[in-house]
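Order as written gives the chain letters A, B, C and D; numbering starts at 1 within each chain.
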């Protein structure tokens, strides 16, 4: 069974940690590797490409990693982080344009169920679908 | 100048508060009414339609309110909250299918700039656009 | 007046439901751990315990006030989707049932309004593996039995049977709503926890909404 | 060897840029408060102060190592978009410049590679009201001057002039990237803070990347 890892990149460490807590609450039994790279080292708001690359490496068990980010500059840092990773790890990483919180929740649930990386990434991308279906219908 | 209010509905109070802190950091000068309705009254994960209706009433200054929610059940609670509001307030409220964190940030910035409710709601809805443009391009 | 229901019967229904939820709390949680986030039993029990505590404070003025209290308490105290769904059920029940004593027709009308509230709130359809899969057949059975001239007690018994059958029929279904929908085919083979608590609600009605013998 | 640059000149450039950022910190923040989130001056100053602290620990082995250290520090210490953008600039500069001493052609090649790194990272285009609006004209001017046979010092002077003109030309532009893009037309009429710090970078190069007189 694949073990896809997840990384939450946010400018805010409390935000990232609360999102992970909420997502993990959706799990019963199986757990998932979810790493956080968020905030500056002095506790402020920001991202750190080195911290992201370390989080990706920690989340990776060989079956791939899906990275969720909050803002545009978090995406820039995550892309920079990819350059800092070994080639084989980098090739397994997918940066998701999905919504941070909603995407994480769906991704965590399907990753815990043993979905492969592309399936986990697809679930992250369609994170808004339940809300859209309900409110748009 | 319109003063559109925002409400953040989440199952997690730390998540909602961190999202508001992050969004407010995007503001310089002008502030925006952002209310939080999140978590259960014993500090657990959940939503409370009464708390949401109170938050909406507090955020409303007559120019409308845009509500962002994290999960499907938060949407159900927010819709229930609408039933608890006075008709004139309810008519000014828009429940957004936009992404909680990304939508809030865009919405706060344009609301602080004096955008009207529909413009604020549109910005909340397109919260993923910058990430999508960058990663998808 | 023998065929009419009032505060004692309404309160009996709610307390019977609360007792059933408490009794089946762990079962509901076990069901929910298979396809949900394992909090349905805990959430419903916390909500109904709060309802009972509110009722212990003294009976509301009439049926509408009582069911409004129940709905408002559930809306506020049950954190997940069950809060707004059960809350809306009771709020709509209160509105449609009104404040006067209820006869069999009022029961059917109020139940239908409550269930339609659940439909409107959750936007689920029959077969989506939700509480509606117990509630909709129960309403249909109640109305059919009353239309066939059966007394309310028998009609509610038929509704309870239909609810239990509807609950059991969720087992082979694939979930399309809520957290369980992420599971896709893996949600098949488990009875839905929401349909299970909804069947408890209808069973409690069959036990408690019995007109006092005049 | 008189026309070659090494660690002393590279370090001089970086320290001159750090000093300029510190001197203009409040100005950068004021510019950013008009169209951004008012942290560009603080962020860049924190990052460059960390770079200077690292350099104070002793000079790196060669130019590539020095610029890699600068890029890595900025990537890690500057929280906003400027961190990955300036960080990528220096990392690519390090890669393209290599570890040997640099001549004028190496400077032009390395600067171009750094700027292309910024383009690839930020996906901004000329006229988007970003640091590229200073950096791209600077590269073009540098290459044109060298192609015309000017010495490096003069060519870098032309690059600095082009960067300052590019910076000033961002004033009437509408922002299309980052937080400023939310402002739409209201971003018009303000000089871009990123272009302003980028002009400081090129001006520092014109001052410091002067080959020692042999």
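The rule is simple: contacts are C-beta pairs under 8 Å (C-beta built on N, C-alpha and C of every residue); 3 or more make two chains touch, one makes a residue touch a chain.
Remember, it's a predicted structure, so these values are computed and weren't measured experimentally.
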{"item": "Partner chains shared by subunit B and subunit C (touch criterion as defined above)", "value": "A"}
{"item": "Chain pair with the higher count of C-beta pairs in contact (B-D, A-D)", "value": "A-D"}
{"item": "Cα-centroid distance, subunit A relative to subunit D, in whole angstrom", "value": "31"}
{"item": "Length of the line joining the C-alpha centres of subunit B and subunit D, rounded to whole Å", "value": "38"}
{"item": "Chain centre separation in whole Å, for subunit D relative to subunit C (CA means)", "value": "66"}
{"item": "Whole-Å separation of chain centres (CA-atom averages), subunit A against subunit B", "value": "23"}
{"item": "Numbers and ranges of subunit D residues touching at least 2 other chains", "value": "none"}
{"item": "Residue list for subunit A, restricted to those that touch at least two other chains", "value": "11, 25, 45, 72, 76, 130, 134"}
{"item": "Pairwise chain contacts under the document criterion", "value": "A-B, A-C, A-D, B-C, B-D"}
{"item": "Footprint of subunit A on subunit C - complex, ascending", "value": "33, 36-38, 123, 179, 181-183, 186"}
{"item": "Subunit C - residues contacting subunit B, complex", "value": "43, 72, 75-81, 83-85, 87-88, 91, 121-122, 177-178"}
{"item": "Residues on subunit A engaged by subunit B in the complex (per definition of touch)", "value": "10-12, 14-15, 17-19, 21-22, 25, 45, 69-72, 75-76, 95-102, 105, 127-128, 130-132, 134-136"}
{"item": "Of all residues in subunit B, those that touch subunit C in their complex", "value": "11, 40-41, 44-51, 72-73, 76-77, 79-80, 83"}
{"item": "Subunit A to subunit C touching residues, read off their complex", "value": "25-29, 106, 109-110, 113, 123, 130, 133-134, 137"}
